[in-house]
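Next, two complexes with chain A in common: one pairs it with chain B, the other with chain C.
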Partner chain A sequence: MPETLTIDAIQQWLHRFASEITTQADWLTELDSAIGDADHGTNMVRGTAAVVAKLDVRSTSTVQELLKAVGMTLVSTVGGASGSLYGTFFLEMGRNSPSSVQLDASELENALRAGVNGVIARGHAAVGDKTMIDALEPAVTVLSRSLADGRQLHGSIAAAAAAATTGRDSTEPLVARKGRASYLGDRSAGHIDPGAASATILVAALAASVDEGNAR
Partner chain B sequence: MIGIVLVSHSEALANAAMELALQMVHGTQPPIRIAAGAAGGFGTDATAIASAIDDLVTTDGVLVITDLGSAILSASLALEIRASTHQVVISDGPFVEATMAAVVGAAAGSSLADITAEASNALSAKKTQTVTAPDASAGDDTAAGSPAASAEERLINPMGLHARPASLLVLTAGEFSADVELTNTTAGRGPVNACSVIGLLSLAASRNDRIRIDANGPDASQAVNAVKQLVLQGFGELS
Partner chain C sequence: MNKLINSPQTLLADALRGFAAAHGQLSVDFENRIVFSAAPREGRVALVSGGGSGHEPLHSGFVGAGMLDAACAGEIFTSPTPDQILAAAIRVDTGAGVLFVVKNYTGDLLNFEMAAELAREQGIEVASVVVADDVAVEDSTWTAGRRGVGTTLILEKVAGAAAARGWSLEKVHVLAKRIADAGRSMGAALTSCTVPAVGKPSFDLPEDEMELGVGIHGEPGRKRVPVMSAAELSHALVESITTDYDFSGKPVIALLTGLGGTPLIELYAMFAEVSERLNERNITVARSLVGNYVSSLDMAGCSLTLVGADDEILDLWDAPVNTPTLRWKD
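For the complex of A and B:
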């Protein structure tokens, strides 16, 4: 029995992402004040609010169209590296999604993998560089492995979210090698990377949306 | 003419860099667009960079000059989402120096490839003048052989061959088809291409240094003479 993620579920994912970002904005900004310019929470709130506003006024007919629109909105509203990276994530997801109203498990897996690969290509970051890739890469790897093992979509996404959380926490002792935090050198160690934190919220929001019975 | 897009986290920084560079241009200014800041604060915005590039669609190509790391990231995304298809290069040069080199080069009618190389090499002048610089002999790998025309003159303007006279020299040398090279014979630096403002600055030529002008090409003697006149007139800086 094929499981699918409907366009409604994707919209719900984005709504949930926006509201979780808002709830945790102060924490994200606090993380960013330790190793960056203290604006990650504010920037992500602005960007995800713009996405939600766009979802509310614009009806997108396909998953591909929806994800591309989300990507462009984030690029133009988040600002800085996060805008380009989250924008690239959704643009690449969209580019690698079918022109249909739903994604089956393997289509979702492909789209997420393409999104993460796009972020890696854009930022030239690898696992261990103390970036959002430390959360996203293990998440998609675990998702693929879990689906290959024959587990259901919702269980596999939940496992991916757990892997993102572990990856996020693994950034704490790391010394940043990418982005502005890398100028701090050893002083960047001892803090969770804010990008890895917001990326974990993204994957967790997807898991919660799938869990609510949208994956059939 | 080549167009230039300045990508900075700060609009004030981009504007100041542009103004500083335009001090060197006394004729037609190259088309420059600024894509700076994001969402009303510091940052870079790929959509703004893309529209700046699209806005320069009628130029002979565009050089994008960036400041800090994420500016490059946003610029590379801008290349994917832009509507236009004309040639665009993202410079790896340092922001202020590359802006200077690109603006002067573009005003002199240089090609995108030449301006890209100039901007990329834009730190060399600074390196020549710092104590840690290992070797000041920039660009002396050309084959020897006597040039078609030569002259040697002493610099008489108080500040030597600084940015303004260097850009004037680039514009003058660019009017001839001959290849013009300059050597600081007093300090033993060069030869460098007279069409390269960065190369000229790397000569670190001060007042009273002797400058040799060599040219090869059909109008070599006219070119040498024109450059010589500039030197003799102290680049118009004698009060």
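For the complex of A and C:
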């Protein structure tokens, strides 16, 4: 079984991310209306649609180039804090990817870790602040541990997606310490963080794309 | 509530077209949603600000000689994007560097920070000042920190005058931080606001209550209270601001801004009370502005800002300015 993620699989990941975001846009906006400003679904749909449009017209030769282009597109189309955070994730992934047409398991792990570290550095958030980091950080930690234990890429990514889901759900009782939700203080508890929700969709889409690559 | 618009989707673009039609001395980059001054300013530091739309005249109304060089307009209540801010910096940099004036909201901070990185990669010197003056928010490491409101425009005026006098980026930056540190604001809402694309009020506020400490995007304040008279509200606002910062013994610049839905006659009645409260505390109002300067769409209410000044700051405040909203000569 191929332990790599080809540039085609990465494009599939992005298509899948965009379509899942569209499917779940109303839910994301509902989550955001509880503790934010009710635009997360709309903003993410606009950004991921722009990414898909860019993939359709532009052929990128390397993984590095592709991920950087995705990052810049999200930065310029999502807007708000989410735009710069998702943009930073892909830009940092790109900067830490090789100039080749595929990523092997350890290259993917490094790139994802760099992406998550970039989001942490940009947003100054830590696990427990009720942000997308609550989903992303456990996901990459589990991915690394699973690969180190000798499990295959697709199983490890699936475990990472499960960790993201658990992390997302863990944000529900938390009091927000970052972003607009933090102005609510204790009133932010009792709601899932919309950023953690969209980040979980991102990791789940990656797992599905790796799975599909393996099935073929 | 009915809105005087063509459609929510085109409102920002339509407003920029109108701005360009009304203020021919300024230039508008419609693609990047930037208002900028094309006047020659060789060797001078440039000031760039911006933020979500819906707070007009902030920021575009303050572009012009002696104040901002460019303003980036985001979607309503949504920060501008880094590529947009970068485009503004490129347009106005003369080689002397650019000061970014940023209000403390997570989206604005992150986007201006990314823009600063991109600009530096292109060889543009950038410094940033963050305004976080809203005392309604607890200043804590457990929150996003205080929101930026009225001090922003006072800073833009004073730092803009310094830049016009040829100060270096470092000196303008130090001055700007001094203003940001010496400014405090507190507001109150009598009604919510309605984002056109949403079509309904951002929050529910009963007819007989007000939100004390409201944010300019309808963020919750300190508490809900029964509607107060102007005199009662002046006590609450002045008390909150002056217990947070000691303004005694220095002249202050005072700004009483409406939030968009309160008539000027009410703002003046409110300012009468505010000045009495300040007199009672021996705080000298050296300069003042009353009007709709930092608004929140159609929200009714007001926000009071005090900035501790000194002779240098007052001299820069009095320096000539020529923008759509503030305009005076020596």
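Going forward, the second predicted complex is superposed on the first by the 211 of 216 C-alpha atoms of A that agree within 3 Å, B and C clash if a C-alpha of one lies under 4 Å from a C-alpha of the other, contacts with A are read in each partner's own complex, and residues count from 1 in each chain.
Quick note on the criterion: a contact is a pair of C-beta atoms (placed from the backbone, for glycine too) under 8 Å apart; a residue touches a chain by one contact, two chains touch by 3 or more.
As the structure is a prediction and not an experimental result, all values here were calculated from the model.
After superposition onto chain A, partners chain B and chain C are found to clash with each other. Contact with both chain B and chain C is seen for A:Asp39 once the two complexes are overlaid on the shared chain.
Residue contacts after overlaying the shared chain place A:Val75 against chain B and chain C alike. With both structures placed on the common chain, the touch criterion links A:Leu184 to chain C but leaves chain B unconnected. Touch criterion met: A:Leu85 reaches chain B and chain C at once.
In the superposition on chain A, contact of A:Ala49 is made with neither chain B nor chain C. Superposing the two complexes on chain A places one region of chain B into the space of chain C, and among 95-103, 149-157 or 221-229 that region is 95-103. Touching of chain A by both chain B and chain C, each in its own complex, is seen for residues 37, 39, 43, 72, 75-77, 79-81, 83-85, 87-88, 122-123, 178-180. Against chain A, the residues of chain C that register as touching in their complex are 74-75, 77-84, 105-107, 110-111, 113-114, 137, 141-144, 147, 198, 202, 215, 217, 219-220.
The residues of chain A lying in touch with chain B in their complex are 37, 39, 43, 46, 72, 75-81, 83-85, 87-88, 91, 122-123, 178-180.
Residues of chain B that touch chain A in their complex: 9, 38-39, 41-48, 68-70, 73-74, 76-77, 80-81.
By the touch rule above, chain A contacts chain C in their complex via residues 37-39, 43, 72, 75-77, 79-81, 83-85, 87-88, 122-123, 175, 177-180, 182-185, 187.
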